[in-house]
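Let me begin by presenting the structure, written as structure tokens, before commenting on it.
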Amino acid sequence: MADIKVAAYICKGCGLGERLDADALVKIAQKDGKVPMAKTHDFLCNADGVAMIKNDIANEGVTHVMIGACSRRAKTEAFHFPENAVARANLREGVIWIRPDTDEARETTQEMAEDYIRMGCAEVKAMTAPEGNPNTGGSKTLLVVGGGITGMTTAIEASKTGYSVVLVEKSGELGGWAGKLYKRVPVHEPYKSPADTGVADLASQILADGNIKLYLNATIAKTDGSPGKFVVSIATESGATHTEDIGAIVQATGFTPYDMNKLPELGGGKSANVVDQAGLEALAIDAASKDGVIRRPSDGQPVKSVVFVQCAGQRDPTGKHLSFCSGHCCNTSIKQAMYFKDANPDVDTTIIYSDLRTPGNGEDFYRSAQEKGVIFTKGTVAEVVPTGNTSTVKFNDLILGDADASIVDADLVVLATGQVPNSGVNIDAPAAAPAEAGAEPKVEIKPISILNLNYRQGPDVPHLKQGFTDSHFICFPYETRRTGIYTAGPVRRPMDIPQAREDATGAALKAIQALENAELGRAAHPRSGDLSFPKVRLEGCTQCKRCTVECPFGAIDEDVKGFPLFNESRCRRCGTCMGACPVRVISFENYSVNTVGAQIKAVDIPDEFSEKPRILILACENDAYPALDMAGMNRIEYSAYVRTIPVRCLGSVNTIWITDALNAGYDGVMMMGCKSGDEYQCHFVKGSELGRVRLSKIDDTLKTLNLESERVRDLEVAITDIQRLPEMINKYAAELVAVGPSPFKGF
Amino acid sequence: MTEHVATNETILVVGGGISGMTAALEAAETGKNVVLVEKNPALGGRTSQLYRYFPKLCHPTCGLEINLRRLKGNPRVRVLTLAEVSGIEGSTGNYTVSVKVKPRYVNENCTACGECERAVETMVDDPFNYNLGQHKAAFLPNAMAYPQRFVLDPSIIGTPDADKAKAACKYGAIDLDMKEETIEVKAGAVIWATGWQPYDAAKIQPYGYGRYKNVITSVEFERLSDIHGPTGGKILRPSDGKEAKNVAFIQCAGSRDENHLRHCSRICCMASLKQTHYVREKFPDGGKSTIYYIDIRAIDRFEDFYQKVQADPTVTFIKSKVAKVTEDENGNPVCHGVDTEGYKRYTTAHDLVVLAVGMEPSVKGINIPGHIASDSSGFIEADPANGAVFGAGCATNALDVNRAVQSATAAALRAIQVVNKVAKAEA
Amino acid sequence: MSANTAVAEKYRNNFLKEIEEQVEMGDWVKMCMQCGVCSGSCPTNFQSAWDHPPQELFMMIRAGKREEVLTSSSMWNCTSCYNCIVRCPRKIPITHIMHGLAEYAHRIGMAPKMQATRFFSGLFWKNATHTGRVNELKLSLGLYFKDGFVQGVKNGMAMQSVALGLVKAGRLNVLELFGGHKCKDQKGIHAMLAKAYEIERVRKAAKMAG
Amino acid sequence: MATKEYAFYPGCSSQKGASASNYLTSVEAMCKTLDVKLTEIPDWNCCGASIGYAEAGELPRHVLNARNFALSEQHMPGKEIVATCAACWLGARETRERLTHSETLMADTREALKEAGLTINEMPNIRHMVEVLIEDLGFDEMKKHVVRPLEGVKIAGYVGCQTNRPFGVDGESFENPQYLDKMVEMVGAEPIPDYEQKVTCCGGALAFSEPEKAQAQIKDIVESAYDHGAEMIVTPCPLCQANVEIYQGQVNKRYGTKFDIPVMYYSQLMVVAYGGDAKAAGLNGQVIKARRLEEIAAKPVKR
């Protein structure tokens, strides 16, 4: 390590000066922290204070800065020294704001502050300023998989932004399902009648665009590499394989209509006069090419009455069919009913629904259909009985309370079946049950891989339950667990054309952003812009493969010898690998087993007679730490015996920290991480879950040290727990008193 | 966040809610300079006033924390709070935008230590809590407020309270001479992300909002449930502070109604389904929810959220648009109507009635400078006539958070396309 | 062939179409989205349930339940309070449709025979148009005696106190029985109304033919 | 020269010896004080009321009202038509709306009117007396003339249906209109703002044809007035007045109640407050005597 010069700055503002002995803190920094330069300032975050620090960096050769002031979440812009290693000792929100301003509390409060100064000095010394991942690639080309409306939109929008695109479509033509529609639901005022799909226009734009390279009848044979430097092999019908250098990928592989043959009770597959929505579109296109009259498939007679059955094989709680709602079907059936009514108002069109779902301006479209004479009946269809050239639709009329209602002599019955995502291989499906057998999965998963990722963790983007592709849905819907690979359109959520186009445009931006940042060696969301990246000392590695297995983002492959192969541009900097590594050879410049370990060791542990227990808190920096901060802002008191260290994610917690702490004589350790599971709230998706799995094994360690299991506590924490956390801390502190002091004190 | 000079390669984002922040950050993280204009003193918008999100029941402040960290670490975004756009001149690739900035009376010296708050005595209504509660006239807008800087309520300027605040501040952060100013910002493209406002429930006369204390709106219910809210997260009804264990949710309060909002607001069904969880969470035993609805619109993957709530014995669903709400002698709101499934008449008293109020675009009524195409409900429609002014989030449609973020990300790309062209032309 | 069988013939089983063409404001029936706010807003429905509240009648019309709808007494329960109209989220003129349905059922002779309001409605109109102005006394008596003389006397006795009160207060004039208030140009009024009926008949017939 | 002049459409119930004759009496006295000139439309006819529907059909109903418009135009061109009866006002106004929005209906109507030797060239405005008072005169003007405030009298403002829905008085809410309460205040009496039955239907014509249904509603209306400590009820509608007043005896029989509360017209309150005597206010027309008002009307006027 190059010669470093550490300086500690202790702020006396915001009451720190009154509540704490700042000079004592300076001495601590010099004596225990062993920093050559330690100063106080009355108001460190203002221009003058910041200037002082900048000056020391410029003229005194200070490389490492330790700031003893407020929380790292406050005054972040003021204390922004990108060229230097910076540590923040949280004396305000973390100490004086959570302690009473009383004489008896003064001593323990001061001890707390002194420990945080020790910790800050120790941490900053173990750091170096991040330099950014050197191992980058500079491809500015997007790969778009799927030539439907979503894929075409992504390609066109990316090209408009100035990026080149490789567009791969497995069929022989562009357009996907939208290309098989007669018309689409309107997207502009007035929302009254079906509109042109616009597919032809998009397709011609693609063909005319020199920035877009189009492969038809082609699939992805192999995807290697990482953002900025993907190498993608494209297999074409001819058998030839083409290789493309790709910066980022958008998967827009769309959906397949749910197979109506699985709905025999609704006449699916039993009669030519029972069709799904795609089938009706085909009839409409055929009619348009002739006299405009939609005819009965069985005998070509004009359709005089048609019944639309909503939610066919959808919203099914039994697990037999699709559990979800495909969102577009109500509007689609309304549109299709208009095909008939606009051509001939005398055709009877009935839509049988249980909840009519036409959000936003769909309500206008619904009203327009009623004006045109489409009949809407709230009911659930029990059976469709085809006989000869017509069918009888038996249903339970929920408004008239008639369980045996029926519509006889329907020339045509249209089943509104749902969207099944073309999301490739479910890499999380238990190996025992291969995808196609799938032990009757709710959604039939296409067993063929889409991306054929040459990743340690499998060939496709992970799935959510219901088979849609991964998405950190709600706040960050575009984030998948495969960096630089974004999914768009109905492959990730049932959606209609306008939503798919919006989604496609956003996905194009994310892909562009990913390749730009990859080139600069920066992290992508959620630590966007982070220049630190994992470094591994292979000489120490035991090829245990834990890092390659656990990485939530599939960033780590294995070489032939089974050593981890880091793809830094795929890495999201969560540190899960670091937490997983039993031999501790993985670290980041500013976050490592040492930066945290050193802090743990720096804490001054009073002997067992002092009756001053010490509790280590490892807190998720996104939820638990802010919650503790806000507890401070609300002046909610908690025990002076805790020493809190923020961690990037519970997943980055290496068990050595816990054993070190216990060996050092801490009386207890609290782990504070986010909710895991399907409803996870971890911004690294799996991080907190993996952390907990590791933690569950800590008991054995405790036994070997023959310590009580109470000494380690795992807490599921939300950012709103500003009142709950102090309670839990105080409760735990009390419990530990009952358990008694750690036997390791004073060793 | 820092200062940078705005040029016609800059993207101006109007509105600092989830959509505006997303658009600004996505653009900035793609290397573009952004000016983010927010009319309130802090970022976060409507979602930061929610207790939980559907369907995960996680907390909006969790995502907000991430976005704020992205923002603090990104020098490309310049944030203007208490600021509103008052005019847009120019055309695609070359706009000059006038921004009116209201005085905060607190400068960047503020450390959020809170001394001014302690010094001041005047209490004012707290808009963050939809005025269900009050706070000091020197205040931090909310616990997650960014910028993390206090604000003085204009009402105390020129009163002794203001001087007390000034005296209490050791850091010269309080500047009572601040005046409203209008600044000009250059921009190549504008993203309009001004979001939505809850429909004025008082206009829905039969439901007696404003006449009956225990008839409240869904957004107010979020505040009642939130630990940062006026009741510290206890569901207490306004009239007498009694625990509201038997809660009625009335859907389509304003939405799908030609007398009010013609459109369906999309989120209200899910919001009420979500809020039944609050009732159960706060009252593990004795909590009871009733949802009066026309159609339950739990669209796409949200369906299983609906199915879970349906399976909950404490929740009752009644397919009926409530005809009117009255009040009984105990101050309980009483719902009158007919269950259209089987024609059952009901007259049911509840502890509290929550109106699932619809989304009205905030652009409605506001005259966006220049011509902007909008639909019959006042939502911005994508239209070439709009030039390089792009709508995002709930300014364009009734959207949930997930969709609003998609919309905002798409808007960011459209804006980037414009400024990239400008850059090319200038290079 | 009765009026009823004639139309029934014409419209076969497309009852909705029949209603749209023959009933005042009938073309609004298809616009109902079954929210039920009308049913819940109807005062008489709440005092004593209708067989079929408005929104249900609309659904029955769409379901082609002709007989049940036209012979129903429900629409005769309308008090013309207009609550349904002002609350309907689809701005459907429900009150007028109720009147229209009643009028149509009455016109084609399907309305319930002894329905009191049906009787009174007809009585009122005849009373009002006979002289151009309502004769309240004859109107009341007419109503009491609708079920014959004996019942009439009974009804009369039952209402005696009410009537006496009014007489005392000078708000019921026994002399009204003989002549009473009237318009001067009764001839013109009758001619005018006759013309109006004729035009309306022609128009409805045209729709039926069309 | 009167401050305001209108064509007047009294309606059948206001005629001499008819159920709302006392309403007319008080309106005439009230207008005298307010210097409002009402000129009766010559040979006006019945509006058909809402109850006429079974026989009326659509066109005949409108033609009936159109005849009044035509007569008004013929004798008082350009004058607005004022009705005191809610049903008349509503019927006429409905016809006005329909004819303005349908050319066919307008043409048919003209054709029918020809038979009576009449025609319409322009649609008159149709106003309710209450609208005239509130919009054309205003509360301040009305208050000016109060010389005998009805101090301490608690009065429930019963608006009912047809002056309130579907058209109503401008700026008022359907569910909780305020104007009657304001008028009660204006005459110096005490309103009951939270009288929740103020827009409940009195049963309308069903009071005659199906009394049990109407009387159930009348009971609610009266009961709630008592619950709120009202001494009398005030209304702007003749049918409301009649139904709520004259059937109290029957309601008492049916429900064992002891109702005996006077039901007044706003105009009667105003006449008394304006210093008029019991006769001018038509108090003798009450089936349930308004003793309290009679006492006040007997008191000398404070000038």
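For clarity, chains are labelled A, B, C and D in written order, and residue numbers in each chain start from 1.
Just so we're on the same page, a residue touches a chain if its C-beta (ideal position, glycine included) is under 8 Å from a C-beta of that chain, and two chains touch if they have at least 3 such contacts.
All figures in this text were calculated on a predicted structure; none of them were measured in a lab.
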item: Chain labels contacting subunit A and also subunit D; value: B, C
item: Farthest-lying chain, centroid of Cα atoms versus that of subunit B; value: C
item: Innermost chain by mean C-alpha position; value: B
item: Pair joined by more contacting C-beta pairs (B-C or B-D); value: B-C
item: Averaged-CA centre spacing for the pair subunit C and subunit B, given as whole angstrom; value: 50
item: Subunit B-subunit D separation of Cα centroids, rounded to whole Å; value: 47
item: Length of the line joining the C-alpha centres of subunit A and subunit B, rounded to whole Å; value: 23
item: Interchain centroid distance [CA atoms averaged], subunit A/subunit C, Å; value: 64
item: Shared-contact residues (touching 2 or more other chains) in subunit D; value: 174
item: Touching two or more other chains - residues of subunit B; value: 206, 256, 319, 324, 340, 343
item: Sites on subunit C at which at least two other chains make contact; value: 33-34, 55-56, 83, 86, 90
item: Pairs of chains found to touch, sorted by chain label; value: A-B, A-C, B-C, B-D, C-D
item: Interface residues, subunit B side, partner subunit C - complex; value: 206, 252, 256-260, 294, 319-324, 336-340, 343, 345, 347
item: Contact footprint of subunit A on subunit B as seen in their complex; value: 1-2, 18, 26, 29-31, 53, 55-63, 65-67, 69-70, 72-74, 109, 111-114, 140, 143-144, 148, 170-171, 226-228, 256, 262-266, 295-304, 307, 319, 340-343, 375-377, 379, 381, 383, 397-398, 401-403, 405-410, 412-414, 416-417, 420, 424
item: Residues of subunit D touching subunit B in the complex; value: 173-176, 196
item: Contact footprint of subunit D on subunit B as seen in their complex; value: 205-206, 208, 211, 324, 326-327
item: Contacting residues of subunit A [partner subunit C, same complex]; value: 348, 356, 366-367, 370-371, 373, 375-378, 397, 399-400, 405
